[in-house]
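As written, the chains take the letters A, B, C and D, and residue 1 is the first residue of each chain.
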Amino acid sequence: MCGIFGVYGHKDAASLTYFGLYALQHRGEESAGIVTYGKKRIRQHQSMGLVNDVFDEKALRSLKGDAALGHVRYSTTGSSIAKNIQPFLVRHKKGHIAIAHNGNLTNAAHLRHGMEETGSIFQTTMDSEIIIHLLAKFRGKDYKESLLKALSQLEGAFSVVMLLNGTLIGARDSFGIRPLCLGKLDGAYVLASETCALDLIHAKYIRDIKPGEVVCIDKTGFKSIHLKSKTRPAHCIFEFIYFSRPDSDIYTKNVYLTRKRLGIQLAKESPVKADIVMPIPDSGNYAALGFAEESGLPFEAGMIRNHYVGRTFIQPTQHIRDFNVRIKLNPIKNVLKGKRVIIVEDSIVRGTTSKSRVKTLREAGAKEIHMRVSCPPIISPCYYGIDFPTEKELIASSRSVKQTRDFIGLDSLKYLSLDGMLNSMPLSKDKFCAACFNRNYPIKFSKRFKKSVFEKRR
Amino acid sequence: MCGIFGVYGHKDAASLTYFGLYALQHRGEESAGIVTYGKKRIRQHQSMGLVNDVFDEKALRSLKGDAALGHVRYSTTGSSIAKNIQPFLVRHKKGHIAIAHNGNLTNAAHLRHGMEETGSIFQTTMDSEIIIHLLAKFRGKDYKESLLKALSQLEGAFSVVMLLNGTLIGARDSFGIRPLCLGKLDGAYVLASETCALDLIHAKYIRDIKPGEVVCIDKTGFKSIHLKSKTRPAHCIFEFIYFSRPDSDIYTKNVYLTRKRLGIQLAKESPVKADIVMPIPDSGNYAALGFAEESGLPFEAGMIRNHYVGRTFIQPTQHIRDFNVRIKLNPIKNVLKGKRVIIVEDSIVRGTTSKSRVKTLREAGAKEIHMRVSCPPIISPCYYGIDFPTEKELIASSRSVKQTRDFIGLDSLKYLSLDGMLNSMPLSKDKFCAACFNRNYPIKFSKRFKKSVFEKRR
Amino acid sequence: MCGIFGVYGHKDAASLTYFGLYALQHRGEESAGIVTYGKKRIRQHQSMGLVNDVFDEKALRSLKGDAALGHVRYSTTGSSIAKNIQPFLVRHKKGHIAIAHNGNLTNAAHLRHGMEETGSIFQTTMDSEIIIHLLAKFRGKDYKESLLKALSQLEGAFSVVMLLNGTLIGARDSFGIRPLCLGKLDGAYVLASETCALDLIHAKYIRDIKPGEVVCIDKTGFKSIHLKSKTRPAHCIFEFIYFSRPDSDIYTKNVYLTRKRLGIQLAKESPVKADIVMPIPDSGNYAALGFAEESGLPFEAGMIRNHYVGRTFIQPTQHIRDFNVRIKLNPIKNVLKGKRVIIVEDSIVRGTTSKSRVKTLREAGAKEIHMRVSCPPIISPCYYGIDFPTEKELIASSRSVKQTRDFIGLDSLKYLSLDGMLNSMPLSKDKFCAACFNRNYPIKFSKRFKKSVFEKRR
Amino acid sequence: MCGIFGVYGHKDAASLTYFGLYALQHRGEESAGIVTYGKKRIRQHQSMGLVNDVFDEKALRSLKGDAALGHVRYSTTGSSIAKNIQPFLVRHKKGHIAIAHNGNLTNAAHLRHGMEETGSIFQTTMDSEIIIHLLAKFRGKDYKESLLKALSQLEGAFSVVMLLNGTLIGARDSFGIRPLCLGKLDGAYVLASETCALDLIHAKYIRDIKPGEVVCIDKTGFKSIHLKSKTRPAHCIFEFIYFSRPDSDIYTKNVYLTRKRLGIQLAKESPVKADIVMPIPDSGNYAALGFAEESGLPFEAGMIRNHYVGRTFIQPTQHIRDFNVRIKLNPIKNVLKGKRVIIVEDSIVRGTTSKSRVKTLREAGAKEIHMRVSCPPIISPCYYGIDFPTEKELIASSRSVKQTRDFIGLDSLKYLSLDGMLNSMPLSKDKFCAACFNRNYPIKFSKRFKKSVFEKRR
């Protein structure tokens, strides 16, 4: 997963992009970068690390220009190296191309293989570089035509923001799998993965970029063109379940309210006698609020999250039981002791983390533990950009709900039903990709692709 | 404010102290330090920054020994320099003294002045250094006698942990103003500001150090001696209101449950017709839960906190309205639009932050905003270690509730009553210092002290 | 200018390369990098900075493998960015190519333009990338054939070391403009810009790589192939005058002894009555020794070099006269006072540095100052890799010797004659490129090239 | 050893001090610090590292004020820690004291012991802190009287620069063991260890601070007072032999010329048939020039020093013969092959370094190697600030010249005679301390002192 942001026509383009990335930090904690354009010069600053660490005032001041694009990157297995930081920028005889990409191409290996055969050199393992090579290859008189030609070669999920010789471009694949929205601020155009980035800079949300739409923004204004291929919405439903920020609107609808509705539906489907409802903070908070409201049971903060714990921390010298759970989440014994507890989780991936948490809650004195999950079992990987593990590692792909319950050590375990989830969505159910739950992938892909995906994983 | 931690008799003393400080990070974000003792050698590592930044594995490995003490320090005005990092360590002809201190002495200037007159040299502006000078001055044959003599000179609040030639010492002033608790792990003794530090390392909570008690732990075991001065509990009530972690037990009682009770009492005292109850996250969460439960109104997350925002961030180049609120807390318009909102705050200090937040909520569409505060108006400074501003800057010391309401821009504002607060406490009301609310300071102090305090502030 | 180094067949390949670069540091102070190959894996570490700053023990340990190549880079105008650090490495469907390059191609712009036309993407502004693109383009069954094909496209100066799928390759252009020598250590082959790098690791010097020769070293041993184009030696004479280390052998001959002979010849051609001979340390030391020996005048250290002064230092707040001279070189008044001084310089480029130094010597009390330069006037730029300024900035291209003397503020100024220089060389005079002195460039170049050179300069 | 610098009455005090320390860097490479005073505020910046690393423009800008003092520190065994960086600064009820010290007190342990008995606390192991404690102890109405009282307690060598409530003070022990000179620049006064620091900032040398003199510089001007104890010059002769910069004047006389005279005298005393004279660069350069001039033999650079080698470097993975010599000094085989070589060294301490160098020269082909040393054998430690090893480790204290010759592997070895050295000095022979050569220590010291010195060494 990644977060992308772009702005055109604002004298504080770099500063706005910096804050846009700040708001999108949850979409990628590994690296951050900004490219700006102004007075015919392109500038770039990027590094491994969080947005706040990568940029300081001096770096921002150096990023002159009134057009900018930025990217935050999530660490996916094996390629967590400095070279892969985005935006990807190429200077060229006839100018420059910079690109920030969110999503995953399913024909990347195929395209790359073909171009390497004819002597092309690739610097990185990123899909973004492939898009740039295609743009270079198809370059003609009319850059819009070239754009459509190049983007038409791509299969898979892509929401991209580009700077092409000073023109800001935003594009989304024909299925609109990853989000991308458009805003305005002081007359300037803004593109962002989520609306929370617009909110922070006080930009006004205009609309989403449509599936298959390519928008080009330059001195002459805003133009919208479209990929020729057939389009139909297949928005990633997992953005609503877990990935997006609760204060964002995604595919035009609010995330927090959706999550709360999932919790309400979950309480309707799978009630259980208990004393309290508690979330796994923070991702389970919102569905838990809905569950508590619907069930009439008291909502309690049974575990307190330590917000100082970063992504990594030193392991203790000696074994401390369930340390990795407790350093992040400390249970409150006085709340849990002798209680029948319902814990609400947003989703279960491998099940190992849940297992440790449940053990910790039992030690703190919980008498019964009933887990309620605000989505169905995840049974199949995502090939469009969510970093799930391989099918084998997904607990629900190989174990029944009962087996999973026993593995985690629960008194009861219930998932939200597929229909329950789809019906709780704020858009009609045919507008989503829910392939990770139902294996119904909207885009065909070759065997070679699957192979390459699994190889990358190893 | 500060957090202190000590351990005696454990081969992983440094590692345990590191995690103890990790758990106490909320008590001081400015600097961190650890001193260890083993095989007659004393070792030290400290720096400005969060615990996770100050220590790496190499540093921890170098901190050998089976006794250790640690400190996290809060930035108080004007003295935020490297020299003032604790623990404060002195190597001496006859050995060493290391000290970690939480609290504030009210006769520090007086003691220091006297010792400087006779040629003593002070390196820092810290109270801890004064305690060490007293220990050096009163040193006799029996270190316990010296200890009692030195500590008897101190007026004000102190919870301290010391290493004195390999003996771990814990002490608390005669009023027990700041917390300090005792735990055990694998036969080793542990001292900590709050029980959340014991929880993380899986140590068992034994009891609190008593007001006026001095405990000495060495090879020969655990001994408890007592200051001669009269003791009576006057525990800081603000630890319950705001400062301690909700999952901690303070003065033997749980913080989270106390905060929830404050919210329940608040709802009883000051109900109001509204659509939703929301907290200012995270510090207002727990009272808000109590308020919602008691009032029967739905609890909603009306603002989402961005957990990536550190203590400092770059300011935007151009003015963005209410930026400093919104970078930390983003309101969800779909939740707030047209609603009558009750917001629950733990406390109001200057009122300026509340004012900005309320403005942001109004812009997001809230129709009515009613603020409920889970403690009485703060009208007087704390001289025992809480970093409140001067009396003049405390909004409640110069404005009536009505004026404050108007300043913040509220439809209604209600504080919890003094009796309501005291009666919601888990200990009897005469066991607390509530001087910031009622000016009833348990310890007398000279004019010189007040003067020095205010001078430090400037 | 740059320094290159390679080793094949030694278990300490990275460590040896590190020391090789250490010895070649004078050829490039801006950045350093090493690529190693072993067990089918390629590894890379590089950064801006001196060799000692770029590598630490951890970095060296991570550079596993028994083949390695390294590069130190000199900062040339305008392209001093991290992206341009060498060795340049590309991972490819069929393997990898890494290259370290010393020299300057005169048809780089032409080659690049052609490849960009057909859709190639260039990441850097370095000649090395062009070589890699050519290798990718001409790749056939036999990599040796491809190599010769690709290298045949190049015009200009190149001494290169490459790793091509685990084979170490060394090559030199048909004129042998830049040096490259071959050594052996414990059965392993070593390639280096200068012999001082062999000395440091105690490798035995074998021979120079010949003009137009390509050597390939792999498991099967050492093979030598040759470019088809006609070859004739045109070794850069400036390596002897200034660039190489005095303890190196270049083109098989020692640098120190050559410089001393230049000083002897200079004393023969241009004697002058004086009290002392002094060098501008350290580059003028060796010719000054020869001059003093031949003239019978005492050699004195009239200026002492401060070896702590790095490439950059903070400028003083207020104006201090001739500060930038004196921070590096402090004159000794007691030596200079009232003396007639001969100062021996290796060369004069812009003349401005000499002017400041002479002023400083006058202030220190020198009565007469006679400058003797151990090469002829530099009148034309180098297009083969020496970073001279443009012709306009070369003082000798626009001013007569008399005008230069007056500009610098000398009592007399004499250059070594062209014949005097060539006859002092340890190889016959037709084996050198002395184009910077006589405009006799051995390689033709197009107008476009000249244009591109000057554009880069701006 | 250390370098000290002070300036009073100049708006660029910090910047001038920075450059002063730059010039004095050879006196201490471990740490650097500056303290400034202006508008009643004292400021400080210091760190481990070279001057150029410790200070940047921001640090210098922050060091406001028109009085400043600075210090560079040499790493002496065991106490190379951040706490010991100088200047040492204490803020005090009545003001501040900052001190930079060069030299070594012989009654430090005694003084410290006494003050600890009465309850004083010491932060560091530095002599400077003792001086500050004495100043605090003897503080009276008249600071000059206090100064004389405090400094009178000190035994041993001290050249100090102090800032005492805005007054700049310079003082030197009664024997004037370490150098300290006075200069003027734009009306401001400057104090420095060596004149090379005055040269760099273009200050005019006025005179040396006299033995036992204390100078006080403030708004009212320059005053000179004197310690009551008897004074007689006993200047450290080793400053001339090795320690000071050749371009400095020490004790009013030039170092370079003195070293050259030592070489001339050495050639007179101990001629030998040989082909060339070569120095061990850079410290042997100047005596070697004198030796070559007097002997009529050609001076050759037989070894080239690599100026990029810092104080530390990574050791090679595998054994490379004489690596630690060759990384710093590369012999030129063509110069040495078959030659009878005289190498001129400034001094021999342990003999181990010379041994390795001689081995390297033999391998490079030298036929005969004759070493000439420009001072007598060092037989006794320095207790006044030169960091010699213990007597046992000084090769000349336990081995005869013949044994030393064999240990090092020489064909012949000759030291300069004691009289030859003293007579070559530019001041009369009774003005020097030459105790390291003749055990004639000018200051008595107790057994306790010797013991403490040796303990520190372990």
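The rule is short, and it goes like this: contacts are C-beta pairs under 8 Å (C-beta built on N, C-alpha and C of every residue); 3 or more make two chains touch, one makes a residue touch a chain.
From a predicted model like this one, the values you see are computed outputs, not experimental measurements.
The set of chains touching chain A and also touching chain B is empty.
Distance from the centre of chain B peaks at C, each centre being the average of the chain's Cα atoms.
Chain C has its Cα centroid 62 Å from the Cα centroid of chain B.
Once the centre of each chain is set as its mean CA position, chain C and chain D turn out to be 37 Å apart.
Centre-to-centre, using mean CA coordinates, chain B is 50 Å away from chain D.
Among the residues of chain B, none is in touch with two or more other chains.
Taken pairwise by the contact criterion, the protein chains form one closed cycle in which every chain touches exactly two others.
Every pair of chains meeting the contact definition is listed here: A-B, A-C, B-D, C-D. On the side of chain A, the complex with chain C involves touching residues 90-93, 112-113, 116, 119-123, 129, 132-133, 136-137, 139. Considering their complex, residues 11-12, 15-16, 18-19, 22-23, 25-26, 50-52, 55-57, 60, 196, 199-202, 245-247, 249, 254, 256-257, 282, 285-286, 289, 293, 298-301, 303-304, 306-310, 313-314, 316-318, 320-321, 323, 326-327, 330-335 of chain C touch chain D.
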